[in-house]
Structures are given as structure tokens and as C-alpha cells.
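Have a look at the structure below before the remarks.
Letters A, B and C mark the chains as written, and numbering starts fresh at 1 in each.
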């Protein structure tokens, strides 16, 4: 029985990792192999120079990466802080109309982003934000309904006595939030941060719609651009495309190992991977 | 927000350059103008545009043009559309058959007044057939820039081995088909060299239709796709793949990797003949072990070939239309087009250059084929709905090219869908 | 939920003064203002605009022309592709989500066994979900190559002549489903967490009643997991109905996607084509609203039906 479990798990693990091995093998192939399209599952060539070539070729891989970092960094900062602040308000402060607002917030969870896609596109066009990262970054500074909901649940579980004591000490609401509640929200902040990171790091549709100049594109779109360089009957530089794919994947893995401790919160947030 | 250090440095450098230039040329003390120009293509294409813009910069020291290059060609339209919608469109844009998708939405400046003022005679500079593609409802929306006709590329060694005479314009479909059969090399079931390679791109199959006397849209604007002539042409085309088995199927291509087409196949010596544009001359330079040459395409009931051209348009929202016109006028003039020839990038649209010795000698290939082909060029049925039309073609022809539908029912479907699309049902 | 929201801190209730309460309300609106403003500017406004646009013919450049319900009528009666698009999306979602679910329950069950090297297996199963969809898509284009691809090479080992996958109208959707099954890691981890939360005494009680491995799984593990399965199902369907990047990259060439012959065209790619390739902004808005209604209906259906099969722990206690 135990042997069977091992055998089954080994097969499953092999099926899951084989494509990744293939990605690595392709990324280490020579240009000639790449042009012929004859790749093998296990690397037979070791062209580490491809990792340099990806940066020195005519495609600005360096700026793709930089844009990804800018986009993701600002998105995470905005999303985490603002969502936490709004969540605190919903969890702790009393105000007329709050319950109605919370129902509105919950109902926006049902709303697919596609509904607002075209008018938002027009709005950002009018603002002259097309072909900048702004339409991708700025909405994060208004918080996200799902994150606010999750964090509100989290704050509700923090004992009230602490911030009540602080309020009695004369600390204002904002300070209670930043000094008392925010530090206690750490697991939730990290979970939302990781989720926001993975979403924005791999986000494809937004950059595709808003960005037209290569120098403004993040890596997720950049990989697709590398892949499309072939076109018109020419083969794409497969080895470099796979270098790009690896560069796109590695930070995700790093963040995963960093955030493994918070996996539970993360898995609760990350309901779907479809972008 | 969007000024990374690199861009800032570049802006600074351009600024310094401009100051340097204008101080050297006190006469041209005009207002300094910064334009953007978007193009697509390979990195070699980008290099040629850069070289041409450097010449333009010398000629007009006060106008600096920044090149925005989209690699490949697939996403270009969508990118331009988004940019135009965001009022961020480039001042100058490269367009091919898609020009009227944008001209029909008032996004491109009509050039007629500028042309008249600058006394440019389009027909004289580019010939009638080439300029017509960029005109709609009596207005001109782009100046022709590149215009290599689609020609026949053939592998000389394969022809020698098969004991065949090299092709020329007198070839008929029968000659072509017989040659393709003789040029195909098989090892068991596996084809190691195809006699011919084409695919599902419209210039290929549409050219066979035109050669057979067929049309897509008639003179009154109605679709006439499912004519017997077109059914016959399409059947002939697919028979090369599935009856004679002398050309690769979509599955064969996919085995070589997505988006691989006839060009790499020919360059690898795995296809003896292909129909493609001028750009392949430059690409084949990098492949020294293939002996090849070009010839005008064979003829069917009539001669026909496609012009793989592109023109330069001006954004209707540009703040510097006059300057932009100065630039495109220069780029399509003899001097501005010269790098196209020198770099072997394409056939220049400017007739003076197309006839020139420089062009004839720019490659060891039979460059006269391009001049001979200009008279065979037909104008494809482009218009405001060209993108949707292409979608109709791709959808309906997909199963056909995989041998899962016959020509008649396929074209009946295209006919019906085009009628719906163009509202002529 | 309302009850918790309104439970005021005891100290403040005692204070009862109007001024602090007003101040508190003011602070609530101040701190919540980013979301409120965002809701109005980025959600409510655009929603109304989208509803209006769906009733117009608009090419993004010239002004919109009112056409009433024409776009909706055309979608369902005159568009040769839309029904196919709906069918494809449903096919993809209703196969990929349950398949992923069944596979994840199995894998999670195995991973929950006390085995050595569990961490390695767990990481291996999770790794695919860390590959962003763009990278996954370019990779799987090669995986699915008809003769030279990894999958068909693998099948050939068993003498199976694999299909042309992405090029074959019959196999392109199964190919996309396969990609989604490859990325089961997220739901496996969720289920695993759920399994680890099942109290031991339930198994012990079942064992005492003479339940074998399978019966324990069938009568303890599975019922206790239904809330997690339910959550996964809802999120999975919503996600699957909105697939985009896979279609754009794997079945497209930059000029068109969803091939061959729209066999893999789905709602969001179809919306994208109309909006950003064909300039049919009104028509695309109508598609967005149809998508919204479908998602709403599906979510409500799952939620309504949940009382029939989702098993909450407190019910166990009550019994």
C-alpha cells in the first residue's frame, strides 16, 4: 500500500515537474537547436550565455524586468496599505450607512472586471495615461474589495481591548490604526501582499491593453513580445523566450518560499489562477 | 512617472545634439520639434528606419523623430489603436493593408493638400498601382514607402538535382505543379524536402484565386467569393498538400514550432520553392549554404501577385502635421529611401530607386524580378473592415487547410459571413 | 454579520455623547474614502457607462450611436460565432473545474498520508501554479506540438498516436483543460489544509464502527471537505469563464485567436477581439453584460444548491 502511494506520488510529481524541466532545457539550447525546434526533455546543451543574450539582444529584457518591479512594488504597497485601512474602518468604526456600504462592497465581488474594462479604458485614455503604467498601478490605491473583506474578517478577530485602550489614551483613529492594529495584521498583510504580487507580476491582459511601447512593458507582456518577434513566417527565438519565462517564474518561486509560513492565508485568498 | 533614467538621459542627449546642430547651422533656427514614428518588423527593419531617420535629421536639424518599433507584426494594429484612442498616437505611422481601418475612423490626416503644396506627383514617384492601395474615397492617407512584390524564391541546388530548368515568368500552374512534385524528396513516409511551401496567409491563396480569374469583392462592393474560379483555385492549392503531398500541412508546420512558416523552412533547405516578399533576401544573406534565386511568379489564366508594401501616414491628431509631412516626404524621396536599398531591406516604393543600378546590384539575385512583377500587382480587398474580414478568412479556411472541409462549402461560408459583415446580404 | 458590525465598544456606548460619535463617523468615511471614491469612479461610473455603451454602436473614435437592444439581439440571433463561444466557454469551465477538483482531492488525499519526503512531493505539485500564465502558455505551445511535442512523444512510448492538439478543433479545448489540470496545486493545498483540520476523533469513531480506509474517506473526509470544495468550485468557475491569456497566446498569432475555426474562442477573448481589434466597443460591452449575467446566475446556482451537499462542521455538532 505504502509502495503504491509512493509510486503514484512519484508519477504525479514527475508529470508536474516535467514541463518545467523542459522549460529549463529549452532555455539552455543553442540558437541552432532553437531554430530547428529540436528540443529534448533533459538539457543536452548548456548555453548559459542565453541568460546574457536575453539582456543584450534587441529586446529590452532589463527594462521589462524593471517595469515589472515598479508595477508590482507599487501595486503591492498601495493595495496592502489602503485595503488594510479601509478594512480597519469597516471592522472598528461606527458610522451611519456603513452596513449598506459593506453590502455594496460584498456585491462588487460578484462583478467581473470585464464589465468596467471598456469605460475604464476610455477614462484612462482621456487622462492621457495610455502607454504608461499608471492605469495598472493607480487602481490599487483605492483598495480591492476582496482584500478589504478578508482583512476586515482578520481585524474582527483581533481583541478590541487593545485599540480601545489606545483610544482612551487619546490616540486618534488613524494612529490607532497605524500604531496598534496594523502591526497586529501582519499575517493578513503578508498574505494580501503575496497575492497582489503574484497577480500583478503575471498579469497579462491589462498590460496588453494599455501598453504599446516596449520600454513601458512589464516582463509578462515582454515574454509574449519575445515570442511574437518571429511572426510573418519567422521562428521565435525559443531559447530566449524560455529564458524570459524562467525570469518570470523565478520571483514567484522565491516569494512562495518566503511566504510558505503564510500559505494558509495565501491559499484562502488565491482562489483562481486564471488571468 | 514615466521618465526612467534612460529616457531622461536620452532626452538630454537629444537636447544637446539639437543645440549642437542648430548652433552649427544658424540659418535653420526654427522651433525644435519632437516627433514619434511607429513601425513594425525585425531588428534589421528597425536598423534601416533608424538610418533613414538619421538622414532626415541632417536634412531637418530642427525635427527629431523618435522611432517606436514593434517586433514582429501581429500586435501592431491593436497597439496603434490603443495609442490612438489614448491620444498618444505617434505622429507618423507605418501602415499596410490595414490603413483604411484607421482612415475610416478619421484617425489619419488626408495628405492631398500637403501633396499639392509640396508639388508631389504620386503616380510619377510611385506608379499608379502602388499609390491606389492607400487611397479611399478620393483621398490619400499614406505615402507609399516600401513595395516589394511577392516573388518566387527557389533553391537552385534542388532544381539542379532534379534536372529542372530554373523558373521564369512564363511558367504555368502545370509547370509549377510538375516541378513541385519532382522537387519533393522523401525518406519512407517522411518528407525531407518539400517541393513548395505556403500556408494559410491570405496573400498566398488569394493570389491563386486572382490568377484563376476569381475575385473576393466585386466592383460594386459585394462579396463574390464562392465562384467556380475560386473553388478551383483553392482546390488546386490544397491538393498540393493533401493529394500530391509536396507542400507542408498546418500540422507539419506546428511540428517545427508555432508561427514557423515557409521562410525558415526554405532557409533550412527543407522547401525548394516559396512565395514571399523582398525581406527574405536580407534574411537569406545570413544563410550562406543555401543557393537560391528569385523569379516572378508563374501565371494562371492571368498574371497576378501581391505587393507587400507599406506606407507612411500622419496622425490626424498630431500637433505637428507640417513637420510630419516634411519627414514622410523626405523618407519616401530618393535620398530617404536609399538605406532601404543599401541594407537590402526591401524594394523601395520610389520608382527612381527601383530602376536604379544600385538596386539591381544590391544582391546577386535576379532583382529584375521585382520590376517585372510591378505590372502584375493587384489591390487586395482592404477597407474599414479588413481586420474582421481576415478573421472570417482565418475561421473558415482553417478547417479547409487541415483537409476537414471541401473548397465549395468553405467558400460558401466565407461568402455568407462576408455578406453579414459588409451588410450586403 | 450586521450584529458584529454594530457592536460598539463598551466604553464609547457609555460615553454616549454626540460629538465623539460624529467624529467617529467622520473618521470612518475618511479612512474608507479611497474605496468609496474608487467604487464610484472605477466601478459604479464605468458600470453605468458600460450599460449605456452596450446599447450603442461605438468605434472608439467617432461618437456613439444609439441602437437600443440591437447588440444583444444580434449576439443571440445573428452572430454566427457567439453561441459557439458560449458553448466553448461552458465546455471548458464545466470540464476543467470538476476535473481539477477530483484530481486535487485524490492528490491531497495521498499527500495527507504520513509519508517521508512529503514536502518534496508537495512542492512538486505546487510548482506549476507558480508559473505565470504567459510562461505556461508559451511552454505548452511546445508541449502540444503534434509530433515533436513532449506530450505526444510521451504518448508514443505507449504506441498512442497523439492528436494535433492546438490545431485540431476537437482537441484544442481538451488541451487547454489539460493545462488547467496541470496547475492543480492551489486547490490541492486548500484541500490539504482542510484535511488537516479534520479532528482525529472523527476517524477514530469511524474506525471503531468498523469503517475501512475507503469508508473513512467517503464518510468522514469527503463530507468535511465540502466547504472547501464549494469555495473552490465557485472561484474555479468564475475564473474559468474569464480565461484569456492562454487563448491569446496558445491559439493565436497576434492577428487572430481562438482557432482553429473558433473551436477555442471563449467569452473574454471574443470581447477583446471586438473591443480592441474590430473597434466594436458597444458590441463588446454587451458581451461583458452577458458574461456578468451568466456568472451571477452560476454563482447563485452553486450557492443555492450548496445547502444540499455542503456540510458545515457546526451541523455535525448539532447532530
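Note that contacts are C-beta pairs under 8 Å (C-beta built on N, C-alpha and C of every residue); 3 or more make two chains touch, one makes a residue touch a chain.
The structure presented is a predicted model; accordingly, all values stated were derived computationally and were not measured.
J.: Select the category (line, ring, star, complete, other) that matches the graph of chains linked by touching.
T.: Shape = complete; every chain linked to every other.
J.: Looking only at C-beta pairs that count as contacts, which pair of chains has more of them, B-C or A-C?
T.: Between the chain pairs B-C and A-C, A-C carries more contacts.
J.: Distance between chain B and chain C based on Cα centroids, please, to the nearest Å.
T.: Using C-alpha averages as centres, the distance is 41 Å.
J.: Provide the C-alpha centroid distance between chain A and chain C, rounded to the nearest whole angstrom.
T.: 16
J.: What are the residues of chain B that contact at least two other chains?
T.: 72-75, 78, 82, 85, 255-259
J.: Two or more other chains touching the same residue: where does that happen in chain C?
T.: Within chain C, the residues that touch at least two other chains are 60, 142, 145, 148, 253-254, 276.
J.: Identify all positions of chain A at which a residue touches two or more other chains, and write them in rising order.
T.: Within chain A, residues 37, 121-122, 208-209, 228, 231, 238 contact more than one other chain.
J.: In their complex, what parts of chain B are in touch with chain C?
T.: Answer in residue numbers: 72-75, 77-78, 81-82, 84-85, 101, 105-107, 250-251, 254-259, 385, 387-388, 390-391, 394-396, 398-399, 402, 404, 416-417, 420.
J.: Considering the complex alone, what residue numbers of chain B touch chain A?
T.: 1-2, 4, 6-7, 38, 42-43, 46, 68-75, 78-80, 82-83, 85-88, 199, 201, 255-264, 268, 276, 279, 283
J.: Which of the residues in chain C end up touching chain B in this complex?
T.: 59-62, 78, 80-81, 141-142, 145-148, 164, 166-169, 252-256, 259-262, 273, 276-279
J.: For chain C, which residues count as touching chain A in their complex?
T.: Where chain C meets chain A, its residues are 1-2, 4-6, 8-12, 21, 24-32, 34-39, 41-43, 45-47, 49-50, 53, 60, 107, 110-111, 113, 115, 120-121, 124-135, 138-140, 142-143, 145, 148, 150, 180, 182-183, 185-186, 189-190, 193, 231-232, 234-236, 238-245, 248-249, 253-254, 268, 271-272, 275-276, 281, 284-285, 287-289, 291-292, 295-296, 299.
J.: Taking the touch rule as given, give the residues of chain A at its contact with chain B in the complex, in rising order.
T.: Answer in residue numbers: 35-37, 58-59, 63, 66, 121-122, 124-125, 128-134, 208-210, 212-216, 225-226, 228-236, 238.
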